[in-house]
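In what comes next, chain A is part of two complexes: it sits with chain B in the first one and with chain C in the second one.
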Partner chain A sequence: MILEHAELKRILPHRHPILQIDRVVEFEPHRRIVATKAISGCEPCYADLADDADHRFPTSLLVESMGQAGGVLWLHSAALSGEPPAGTLILGSARDVTLTGAAYPGDVLRHVVELDSVKGENAFMTGETWVGERRIATVGSMLAVMRADDALTPAG
Partner chain B sequence: MRNYAAPLSAVDKLETADDGTVTAIKDIVAADPYLAGHYPHFTIYPGVFSIETVYQAAREALTRDGATAELAGIVSVHFKAPLLPGDRLTAELTFRPSPEDPSIVRVKAKCTRADGETSGRITLAMRVTS
Partner chain C sequence: MTTAIDQTKMDELAEIAVEVLEIEDDEITPTSMFVEDHDADSLRAIEILARIEKKYKVDIPQAELPNMVNLQAVYEVVARYAGWQA
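This part shows the complex of A and B:
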């Protein structure tokens, strides 16, 4: 199953410019997803950058991108089973994120995320990010959470 | 002009205490880059941007004496409470060398909202080269 960008907008609440995946190229419901993201020098993270600056794609956005791939795996699998969880998708926690390489404008990230278990409104996943034949990041564990909208109240 | 790619300026103010503890402050502003899409119906400071705040603060603190510092890994992150526009994130960073690898500095950060509630706990591994 391939999911195009417009279809991802029906699954994820994220929108431009923080929707950080472009296409899903493999999808095994409840098990595994492979999603891609093309990195462009036009992205906001490359604004206000000195010419000789370090142009590696920020790790924070890489983790967000992998997390969104995991979000699609969980939410779309649940929707296909007729049990979509309610709430707002957030990253609850992550452990053992190891960086073994970097990505630059022109590269295409390929995230491979596996769903380990779902307990209620919590999904536990592991993942890897590849650029071509290079694995650039590994996430030992990642927890995505659907938080009830009324739990997202401002401070004070 | 920044000398490294970053999604936003994630630190407004940085202070270093005598004991080496670094405090970073970031006001949550809906007009910041990327936040328009996170989410359109209401804005939340993404968890990964709290990682960015701690990373930028750690990088600034560790490179003051001319050293270079880069992120080697994220040991753990745990997010407990949301940060919404109008709130203020205060991250308190402590630094200690990794027992396994002398080139790695472990950065442990407690992130707090304006109301005193802990918004998250973040531990990063930074590789420092002098």
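This part shows the complex of A and C:
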């Protein structure tokens, strides 16, 4: 199953410029997803960067992008099963993040995310990010949750 | 009701909690409170629960989360569902 960008907008609440995946190229419901994101020099994160600065794609956005791939895996699987969780999607945590490389404008990120377990409105996943034949990141444990709007109160 | 403590299992639970809460080993005690003393929130709590389920291959209902306020309480909940005998 391949999901194009427009279809991802029906699954995820994210929009430009924070929708950080472009296409799903492999999808095994409740198990595994492979999603891609093309990095361009047009990304907002490069807008104000000095010419001689390091142009590696920020780790925060890389993890966010992987998390969104995981979100699609969880939410689309649940929707296909007729049990879509309600609420606002939140990336709860990313643990054991290991960086073994970097990505730059012109690279295509390929996230491979596996669903470890789902507990109620909480999904636990693991993931890797590849650029070509290079694995540039692994996340040992990633938590995505859905929370009702009234449970999301500002920090006191 | 109190549960006789298997220290090895208590140490394992402490290890999970310390890792998820991102605190030092010596900061946690059986009765230190996850929320009040260690700044835990509902996301940390569900992480602790999930790790315990995976480690001990036990199913613990989310309804038990409000009871799991410190290590002692976690131990008693897990002991009940995992069938740990005193």
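Following the convention adopted for this analysis, the second predicted complex is superposed on the first by the 154 of 156 C-alpha atoms of A that agree within 3 Å, B and C clash if a C-alpha of one lies under 4 Å from a C-alpha of the other, contacts with A are read in each partner's own complex, and residues count from 1 in each chain.
Here, a contact is a pair of C-beta atoms (placed from the backbone, for glycine too) under 8 Å apart; a residue touches a chain by one contact, two chains touch by 3 or more.
Remember, predicted model here, so these are calculated numbers, not experimental data.
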Thinking of the overlay built on chain A, is A:Val34 touched by chain B (first), by chain C (second), by both, or by neither?
neither
Quick one: classify A:Val112 as touching chain B (first), chain C (second), both or neither.
neither
Partner chain(s) touched by A:Ala78 [first = chain B, second = chain C, both, neither]:
neither
By residue count, is chain A touched more by chain B or by chain C?
B
Check the residue A:Gly120 against both partner chains and state whether it touches chain B (first), chain C (second), both, or neither.
second
Touched partner set for A:Arg56, first chain B, second chain C, both or neither:
first
So, A:Gly92: does it touch chain B (first), chain C (second), both, or neither?
both
Overlap of chain B and chain C contacts on chain A, residues 90, 92-93, 151
Touching residues on chain B, where the partner in the complex is chain A
1-8, 33-42, 44, 46-49, 51-52, 55, 71-79, 81-84, 86-87, 113-115, 117
Residues on chain A engaged by chain B in the complex (per definition of touch)
13-19, 44-50, 52-61, 63-64, 67, 88, 90-99, 147, 151-152, 154-156
Would you mind writing out the residues of chain A in touch with chain C in their complex?
90, 92-93, 116-117, 119-120, 122, 124, 141, 143, 145, 151
The residues of chain C that touch chain A in their complex are 42-43, 46-47, 49-50, 53-54, 62
